[in-house]
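In what follows, chain A forms one complex with chain B and a second complex with chain C.
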Partner chain A sequence: MGTKSSSLASKAIAVYRKDIVSEFRTRYAVNAVALFAVTTLIAVSMSVGGFGVTDKNLLSALLWVILFFSAMSGLSRVFVREEESRTASALRLSADPIAIYIGKLAFNLTLLLALEIIVVPMFVVMMNAGVRNWTFFWLILLFGSVGLSAAATIVAAIVSKANAKGALFAVLSFPILAPLLVTAISASSAAMGGGAFADCWRYLRVLVSYAGVMITASVLLFEFIWED
Partner chain B sequence: MTSVRLLAITKEYGERRVLEGINADIASGSSLVVTGRNGSGKSTLLRVIAGLTRPTSGQVAIEIDGKVLAGEERRNAIGFVAPDLALYEELTALENLAFFAKARGMRRSRKDLRELIARVDLAGREDEPLSSYSSGMKQRMKYAFALLHEAPVLLLDEPTANLDENGVALVDEIIREHRKEGLLILATNDKREVGYGDQIIQLGF
Partner chain C sequence: MMLQSLLGVWMCGVILAAFLWLPPAKGFQYPEAARIIVFHVPNAMAAVLAFLVSTVYAIKHLRGRNPADDAKSAASAQLGLLFALLAAVTGAVFAKIQWGSAWNWDPRQTTILILLLIYAAYFALRSSVEGSDRRAALSSAYAIIAFVTVPFLVFVVPRMTSSLHPSDTLTSRGGLGTQYRIVLFSAMAGFAGLYLWMFRLSVALAEIRNGKKGV
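This part shows the complex of A and B:
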């Protein structure tokens, strides 16, 4: 009846495409993330934007706080949705656990990058936050997002079967993400203030390493977390 | 030659022991019926066999020609229909099957998928999202999902739930066909369906 194409990549792409199509039709995570991000951004800009904040550390911290909490409101849903709609069993029976993790990670990363494309320019304009080194700034956002998505995806899988999912997600995510957030805030601050190339590069290496470690550990552990 | 061996399966949820020392040996061409009152562990046993729930102790061995299956081979050997298994409501019937085929690493043409949908009497509705389906139609789609990869082991939990007369006849036909060469495990309390079993496990005495 058919032929086999057992590439892990093609299975992960199938999971990713399914999630994109589902999200496009249901707006399950996009609405939560976008609403949280825009509301927070407006609240922040109205309360401190008018004071002409020039401290790059403070601006950078505000940006990552907005991104972090917006991500927390949406990224956990990739697995929660599967459990709540009782589709998790069909997925478990059909797909390789690693393909599922990679597909879900790619979906979360897409969601986060789409959020950043909207929120970051709005933040820069509304907070009058000049960025001197745009290349590093975007690279920091990119690799910070990869690390954030990788950690959020594995924690989402852990909490998907719990009762108090929201609270547990935040509690488990924070200690895992704290090193990433501290580095990303310092790195963004350096990029905004036109910090030395060596400084920016050092921060970027930490972010790339964090993402690499988090993805590797998640791929190794995911099967045990996902399969009951 | 496919076989399923249950070796001293025990499952506990906290203090409560749902399954205790279940043993069975079923080979292709035969069937096992699991029966018992509500809450006796029928669905749990099927989930354990499917690999969806880990037993507290004991083992499930699925073998084809003497080789114990694991990972993808094991997943592809099992077709599962159960009340607590759902497909994606926001996707159409065709999209659901295309996704599950790709996730299994199989290529299925749209013609193949349409034929499978027609086999469960849903021809003409394949481009509609499952959210527009009735509960009986969703049950038929679960059969399409279970038959998609031509699995040698078919696990059916409450096989005729939500189905009308035609649906019940369809399930009877699927069971009859599958029993010829495949291996069938049913969880049911329906006396007529219990009659399909070459072996019967009564749970919850």
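This part shows the complex of A and C:
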């Protein structure tokens, strides 16, 4: 059992490293997601920043809308690339479905967190958003991103086998992510207002359980989606 | 055939009772308009039943790989979409009369809207995958993933904002008058029967279609 789980982990890490290396060769997903996020941020900032938006709910809603659509612009690449370059079968032969899902999830999470490190400080500066409780704010972003990338990864696996992948990805992801987005928006707005610990914990609990449920369901279902 | 006629008579009885026998509900702003509840609540329940059946068949399909289970799952999802749409519309009509605006992001309205989006996405997915085996596997998986997020919608989102919907009318004593209770529960039985009848029809239709294609 010990060797099996260690080989699962090492295979997942191998899939993750493979994706990082091939991403660094083309930088397709990084460029697409980062530029998309910055463009959206500037568009939002230009159109509403002039009015001096101070409402915390509105600011955090805008932040999560930017993050959601940026994620939708690039997180499907992990599986779409395998189908387009016809490497899916080779990957299927070389690793367990679970290892593949976990490796891809780790890659998407890395991508999303890298994006947030760029975009969130920019958002705070350009939109003049004061954040009182930074620790809690980053915790929400972290656990929100885990849930978001878990759902996005499994939907990406589904979408990579369909036609009209780009449009379908956002359409399939949004209803699944709606509970996460609603919670994350309320939570970030609480963090901006400097919420108390009990208040913050209430939201974090939801985000953590969402991520847990989504990852578990994905691990159970992935082999049905992945097999061909 | 016999059951079907019985269902027709039963539903006629429910409609007559709802419009003629029920007294106007005093507690509401427009007591006459409250009769819509007799159709709104059973519609929502039929939608929930249909989505449950759809998920059960999706799980069954992934376990047994029987194309018939996938056809049943899709048929039930389609009916669920229909009932959910009717529940949303009747709800919006009553919301306009009772609360003043047709749509006010009440948690239940949010939930039903997300459910409509989920199953609309489900059919968008089905129509864009080629090959019936692959379509069946992918859409079953999506239906199950979507279903596991529903508890978050039902239990988490309502706690974030307050609801205008009453929460314990059906279960508490004195929440409903006797006449309302009788008609409402008869309507629920009627709508459940209606769902079953339509489900069997569309499953039979799907079987004929698949038989023609030789799948």
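Keep this in mind: the second predicted complex is superposed on the first by the 222 of 228 C-alpha atoms of A that agree within 3 Å, B and C clash if a C-alpha of one lies under 4 Å from a C-alpha of the other, contacts with A are read in each partner's own complex, and residues count from 1 in each chain.
Methods note: a contact is a pair of C-beta atoms (placed from the backbone, for glycine too) under 8 Å apart; a residue touches a chain by one contact, two chains touch by 3 or more.
Note that the structure is predicted; figures quoted are calculated from it, not measured.
Visitor: Quick check on the chain A-based superposition: chain B and chain C, clash or fit?
Guide: fit
Visitor: Examine A:14 and indicate which partner it touches, taking first as chain B and second as chain C; both and neither are also allowed.
Guide: In the superposition, A:14 contacts chain B only.
Visitor: Just to be sure I read the superposition right, which of the two partners does A:94 touch: chain B = first, chain C = second, or both, or neither?
Guide: A:94: touches chain B, not chain C.
Visitor: Quick one: is A:47 in contact with chain B, with chain C, with both, or with neither? Answer first, second, both or neither.
Guide: Touch partners of A:47: none, neither chain B nor chain C.
Visitor: Which partner chains sit in contact with A:161 here, chain B, chain C, both or neither? Use first/second/both/neither.
Guide: So A:161 only meets chain C here.
Visitor: With both complexes overlaid on chain A, what's the closest CA-to-CA approach of chain B to chain C, in Å?
Guide: 5
Visitor: List the residues of chain A that touch chain B in one complex and chain C in the other.
Guide: Residues 227-228 of chain A touch both chain B and chain C.
Visitor: Quick one: which bits of chain A touch chain C in the complex? Just the residue numbers, please.
Guide: By the definition above, chain A touches chain C via 151, 154-155, 158, 161-164, 168, 171-172, 174-176, 178-180, 182-183, 186, 206, 210, 213-214, 217-218, 221, 224-225, 227-228.
Visitor: Going by the contact rule set out above, which residues of chain C touch chain A in the complex?
Guide: 62, 110, 114-115, 117-118, 120-121, 124-125, 128-130, 134, 137-138, 140-142, 144-146, 148-149, 152-153, 156-157, 160
Visitor: Using the touch definition up top, name the residues of chain B that touch chain A in the complex.
Guide: These residues of chain B touch chain A: 47, 50-54, 71-72, 75, 78, 80, 82, 84-91, 95, 99-109, 112, 129, 145, 150.
Visitor: Please give the residue numbers of chain A that touch chain B in the complex, ascending.
Guide: It is residues 1-7, 10-11, 13-15, 17-18, 21-22, 25-26, 85-87, 89-96, 99, 227-228 of chain A that touch chain B.
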